[in-house]
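Structures are listed in the sections that come next.
Here chain A shows up in two complexes: once beside chain B, once beside chain C.
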Partner chain A sequence: MTLTRAILPLALVLAMALWGFTALRLLPWAQWPALPWQVDAMSVPQILLSYGAMPRGAIALLAGAALGLAGALMQAVLRNPLADPTTLGTAAGAQLALVAATIFTPGLLVTSHLPVAFAGSALTTVLVIWLGARRDFAPVTVTIAGLLVGLMAAAIATALTLSQGHYLLSLIMWNGGALTQTDWRGVWRLAACLVPAVILAAVLARPLMALSLGDAQARALGVRLAGLRGATLVLAVALSALVSAELGLIGFVGLAAPALARSLGARSPLQRLMLAPIAGAVILSLADGVLMATASLGGPSLPTGALTGLIGGPLLLWLLPRMTAQVPGRVEQGVQTAGRARQPGRVIGSLALVTLALVLGLLLLGRGPAGWGLVPSALWADFLPLRATALLAAMSAGALLAMAGAVLQRLTANPMAAPEVLGVTGGAALGYAAVVFLLAAPGIMALALGAATGGALALTGLAAYALRHDMAPARLLLAGLAIGALASAVLAAIMASDDRRAWVVLGWMSGTTAQVTPATALALAGLALGILTLLLLAARWLEIMPLGSAVGQALGLPLIWARLALVLLAGLATGAATLLVGPVSFVGLMAPHLARSLGLMRPHHALCGSAVIGAALMGLATFGTRTLSYPYDLPLGLMATLIGAPWLFILLLRK
Partner chain B sequence: MPLFSVSSVTYDVPGRRLIEGLTLEIPQGGVTALLGCNGSGKSTLLRLLAGQTRPTAGRITYDGRDLADWPIRALARDLAYLPQTTPPAEGMRLQELVALGRYPWRGALGRLRPEDHAAVARAIARCGLSGMTDRLVDTMSGGERQRGWIAMMLAQGARTLLLDEPTSALDIAHQVEVLGLVQTMCRAEGMSAVVVLHDINMAARYCDHVVALTGGQLLLQGPIQTLMQPAALSRIYGLPMQVIHNGGQTLAHPC
Partner chain C sequence: MVTAGPQGLTRRACLVAAAMAVVTGWAPRVRAQGVAPRVAAIDWAMAETALALDHAPAAIAELLRFRPLAPLPPAPATVDLGLRGAPNIEALSLVAPDVILSSNYYAFIEDRLATLAPVFSRTIYVPREAPFPRVMTLLAELAEVLGRPADGLRAQEAAHVRLDGLARRLSGHADRPFLLIEIGDARHVRIFGDDSLFGGTLTAMGLRNAWSEGTRFAFAAPVPLERLAAFPDARLILLGEVPPHVTRALRDAALWNALPPVRHGRLHRLPALNGFGGMPTALRFADALTGALAT
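And now, the complex of A and B:
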């Protein structure tokens, strides 16, 4: 007990020692400038110390405190131990807004980044909360929605970055969350906001305590719920946006700080709201201290946000098994039942026909120098093989993603499950990046192998983790997200390394069909058919799975192995499709929902329907990529995301 | 041979012991009521009997064979379990839900044969749901849905039914209906059932044997008549109870 109490002071001492070590290596104590500083009379190392290292140490403490407080506020108001600016999409919203503003209205950013960052954060957070409200704020669903919205915002931001490449190197640095300071202004701005925020949080503590009993009880105690929720969230989002605007993406401190406060014995909301900022300050200072010390010893200079992201993934995994006691035990309800098709076979048949017609249309229709039109028959021999290859590959990838989504949604009985959340795509991206950086001139096979290995490793880690915890579906999703967060943190660090090769990775991440050979396309199509066959054989499992593990076990289903087999199939499908489409596409989320809304309910109908719809969607996306900004091709993954993003909103809007 | 024989079973969850050194036997045939106040370990015991979880220490045999030695599908053909809250069977027709009861027989790939379809139809008819085979389960009333799930258990062809508070969400008419169905099946077809119940009078009316727990330990086991004594009842619920005999019926209520 005494040891746990000593953790915070000890960590603080360690952080200060690290900072002191760096500072003293920069400049011996005897030469430190005396107060008041006179810049004109100072040597360069003296200036580096007083206007670089010192404000950096201070801003680490302040930003950590702000993030810790934001996380504690979000967790209290949502009664969700997984809420924080990263998992609710708040930080990604700020990122997207800042990227968009830099490109379209740079004038807005002249005076301050804060209003833009705040607007973006507020928008994504409101979206996530809105979705959460429709699902009774069930923690796992809110977290998944938040991370999905975050992924979407990040994907759009990446696409924008790519489209305007060279202007935005600074933004990529920003994405990594570097704490480097050149003066004290940032420190004063943060401090000026943090003090009133702490006071406000203390005022909110008592109503938040009432809220911890649940909505109905809180209302019965006379708490105005809407006002309380609104005020708390605005405060939390403002704090997060403040840090985003000053420093960039610093993930997971808001998750770690309240968790640390809890494990130190802070039980009431007031205790947590006051202890979490302290814990946050210590965590971020420690992380930054480690990086500063490494850099001063000649090691690589990494952005701090990348390191906190690295800590964040394992932290989520560590938190999950400990969560059961804190999460209100409610069933995560599915989306409301749509009507069931009377003749599902006929529905699938018509879907297939429509898709076939689409294929013909997409093959022939296009945009040329003379405007829109059909490909003249004289050019068929030149055009059609190329188009058919791209189309076949893209449609197979769409079908693969859609099947993975359909399986995951059934397996977890959670309508928000999607291949993006399995962490497979993140792992594949890491593998791809590793090949790009390790080999001098990697060929397509080496790249494919790298991505596949990365995806497989992520999947193995996921399966190993999930097996230990009986493969409980909600845990599985969150573990996948944690792996994804880990991967994206490493990627952010790579991007921030200011290396030309980073652009190769960035380009692949938005997806392209340009390099597909007919052999690859055929292999993908074969894989799609093979996986569909295997899944159809497992249809009875998929029918029992959504009924929960008690029923499954009572019926004699080999639960662990069935889940493992299905996860592996979904992972394989996702990994293969990712090679082509890039990590984020939302087709896997969309297609199963469309199939449901057409009334395809039984597993084999839903699988076939989803596969056909996924293929059609991705086919449409290829059409978009080559026509929207003719004569230039847009990235395929970006196109799919742009189709998928509105779908997320429709999902949000539906009651 | 007893149906279940539980010998010195202990079950722990992190930080807490839910069942401690429990030894008891549940006889073949008839309905056994599993009673006890909240947190006494009833549901945990039922989950242990169903093989859903393994005891931390001790041994449970079913039909003379250690539960751990039963292959999972063989067990499901013999023993059916219904959890306390049944999951929403979204978008599923009654017929399809009940047909899932044939999984233990046919596995993931085997086609349903005529005898499977017959078993499904018989189970649905036994539960009085014949007119509803095409209804979506989530549009059925609470009592109908509960009978639908029991029909799935019957379609499993099991000799033993384990039901966790099957009547907790039902009105009195549906409670009578569900428990009456279980009783008839046990009496007429020699099946056995273990039912977690809260209502002592329902237990007295529909059950043949009783097992009562308190704090994870055995309080009472025997024929149902041993339950309906003021002393026994007040030991179970920690409350003075009164027993009234009224024309062949025995009723208990708090003093």
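And now, the complex of A and C:
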């Protein structure tokens, strides 16, 4: 107990000791400049200390405090212990807005980054909150919606980055969240905003306490709910945008700080709102202190945001088992839509026919130097094998992702379940990156092996974790997202290294069919058929599972093994498809929903329908990548995201 | 005069000719053998080297961004092949090249390229290894491939002469080391080490690169601005444009303004150059450097 209480002061002392160590290595105490500073009379090490190390130490404290407060505010108002600027898509929105502004309207950024960052943050947060409101702010659904919106924003930002080489370096450093400072202006700006923010938060603490009793009680106590929620969220988003604009993406401090405050015994909203900024300041200072000391000893200078991201994944995993007591016992409900089709076989048949016609059209139609048109028959021998290979591979990947999505949505009874949520894509990305960096000139097979191994490792970890916690579906999804967050943190650090090889990884991450050989395409198609067969054999499990574990057990289902087998199948399908499509795609989310809205309800119908729809969607996506900006192939993952993202919103908007 | 006999036209060229009758604009020109080989360049250093040999590639990847950076202008009719890392195979096969120029960067698509035409690939940019000698050798190697070995030697000779001439004009500046940087944001720079084309050119001109440890990072590393303070004597050479918000931030930054080279006016600006270029970029860099220091 006393040890828990001592954590915060001890960590603060450690952070200060690390800072002091770095500062004294830079300049012995005797030579530290006296106040007031005269820049012209100072030596370079003195400037480095007083305009580099000192503001850096201060900004770590302030930014940590701002993020901690933002996280605490979000958690209080949403009554969701998983809410923070990272999980609500706030930070990703700022990133997207800043990337877009850097590329298209650099003039907007001349005076300050803050308005642009705030606009982006507010946009994504409002989107997530709006979507969450439709589901009564159920924590897991809100978090998943937030992370998906974040994924989408990041995907678009990646594609924009890829399309421009110009200001790339600043984007890369920005993504990584570097705390390096060259003057005190950032510190003053943060401080000037943080002080009124803390006061405002203190004022909001009482009504937030009333809110924690529930909406009805709060209303009875005279709290104006809409106004309170709006004010709190605006404050939290502004704090997060401020940090984004000054320093870049620093993930998960807003999640960790309130968690630490809670575990230190902060019970009332006021205690949490006041303790969380302190905890955040200590956490970020400690992380930055470690990095400064490492760099000072001659180690690599990593951006701080990459390190906090590394801590974030495990932290989410640690928080999950402790969530139950804090989450309202509301079931995260699925959508019930259109009635069952009377002749599902016929529906699937027509779907297949439409897809076949689509394939023919996509093979022949295209764009050349002279514009749109059909491929002349003389060029068939050259063009059709190319296009057929790309199409086959993409459609197989689409079918695989769709089946994985269908299985996951049934398994977890959660309409937001999607393969990218499983963390398999993140693991595969890490494996791919490892091969790119370890081998001098890796071939396709080596890359495929690397990605498959990475995906399998992530899946094994996930399965082990999930088995220990009885595979509770919502937790499984969040654990997958946590693995994904970990992977993206490592990838951000890789990008920040500005190695030429990072481009290869970046290119793959947005997806491309350019490297597919006919053999790979056929193998992928074979895999898709194989997995479909296996899943059809397991259709009975899928029928029973959404009814709940009690029913399953009563019917004699080997619950744990059935879940494990299904998760592994979904993971395998995702990993294989990820190799081709890259880590982000919404096909796995969309296809099962489309199938359901066509009335394909029984598992075997839903599986077949999803697979066909997924294949068709991916086929359309390849066509888009090939033609929209000819001769520059667009990333396949980006096209899939652009087709899929609007669907995500429609889906979440429907009650 | 070479007539198009049975061996004179490739199968692909025949097909393409037929195609042209069906849809104009989709098909490339028909070409007899014996004429200079048609070249498609995926790698920019290769494209520049081909241009230096006066052999304009029929197609270049990422032409949109290559054009403004290229020291020697590509032909107006050059075909754009799309992204360097993922060239458009359809566009490439329409070009029907006799040889495709690539490098170690694109090793992962080489098998794919080889199905269309023979690939000539060389390792040019590798971390911790000097690209300058490779770029020089490339002139001769590519000339060999294009069937004009004499031109390669002539181009090498011309490059040496040009560099030596510029080096003589800069010999008065050899007293201080040079720091070649590119501004990333207000807090980070890229520093070009000896394993960059610019660092190598500097050394070839008898000047000193202050950034000897560039080998510890990749050849162009994002380095915190404060690291520049370790080189108070250096001349600071700023490559490329600086984004507007960074210009503003640097104007007020205490550390930047306190850097001895900035304070004492030893900061020189060069235009944006192709960091992964060939000998033409090296010469243009040398030219621009001489011009900047002379004023």
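For the reader, a short list of remarks on this structure follows.
One rule holds in what follows: the second predicted complex is superposed on the first by the 651 of 655 C-alpha atoms of A that agree within 3 Å, B and C clash if a C-alpha of one lies under 4 Å from a C-alpha of the other, contacts with A are read in each partner's own complex, and residues count from 1 in each chain.
Everything that follows uses one rule, which is that contacts are C-beta pairs under 8 Å (C-beta built on N, C-alpha and C of every residue); 3 or more make two chains touch, one makes a residue touch a chain.
On a predicted model such as this, the values are computed, not experimentally measured, just so you know.
Looking at the shared chain after the overlay, A:Gln181 reaches chain C, while chain B stays out of its contact range. Contacts of A:Leu386 after superposition on the shared chain: chain C is touched, whereas chain B is not.
Once the two complexes are laid over each other on the shared chain, residue contacts for A:Leu109 go to chain C alone; chain B is not touched. Judged by the touch definition given at the top, the superposed model places A:Leu356 against neither chain B nor chain C. Contacts of A:Ile544 after superposition: chain B is touched, whereas chain C is not reached. With both structures placed on the common chain, the touch criterion links A:Val195 to neither chain B nor chain C. More residues of chain A are touched by C (comparison of chain B with chain C). Of the two partner chains placed by superposition, only chain B is touched by A:Leu555; chain C is not. On chain A, the surface touched by chain B in one complex and the surface touched by chain C in the other have no residue in common. On the chain A side of its complex with chain C, the touching residues are 39, 42, 44-45, 47-48, 51-52, 102, 106-107, 109-111, 113, 165, 167, 169-170, 172-174, 178, 180-183, 185, 301, 366, 368-371, 373, 376-379, 381-383, 386, 441-444, 447, 496-500, 503-504, 507, 512, 514-515, 517, 626, 630-633.
Interface residues of chain A facing chain B in the complex, by the touch rule stated above, are 331, 333-334, 337, 340, 413, 537-538, 540-541, 543-544, 546-548, 550-551, 553-558, 562, 596, 601-602.
Those residues of chain C lying in contact with chain A across their complex are 12, 15-16, 18-19, 22-27, 65, 79-83, 85-91, 93-94, 104-105, 107-109, 111-112, 125, 127, 182, 184-188, 190, 217-226, 229, 232, 243-246, 248, 252-260.
Within the complex formed with chain A, the chain B residues making contact are 50-52, 72-77, 80-83, 85-93, 96, 100-101, 103-104, 107-109, 136, 138, 156.
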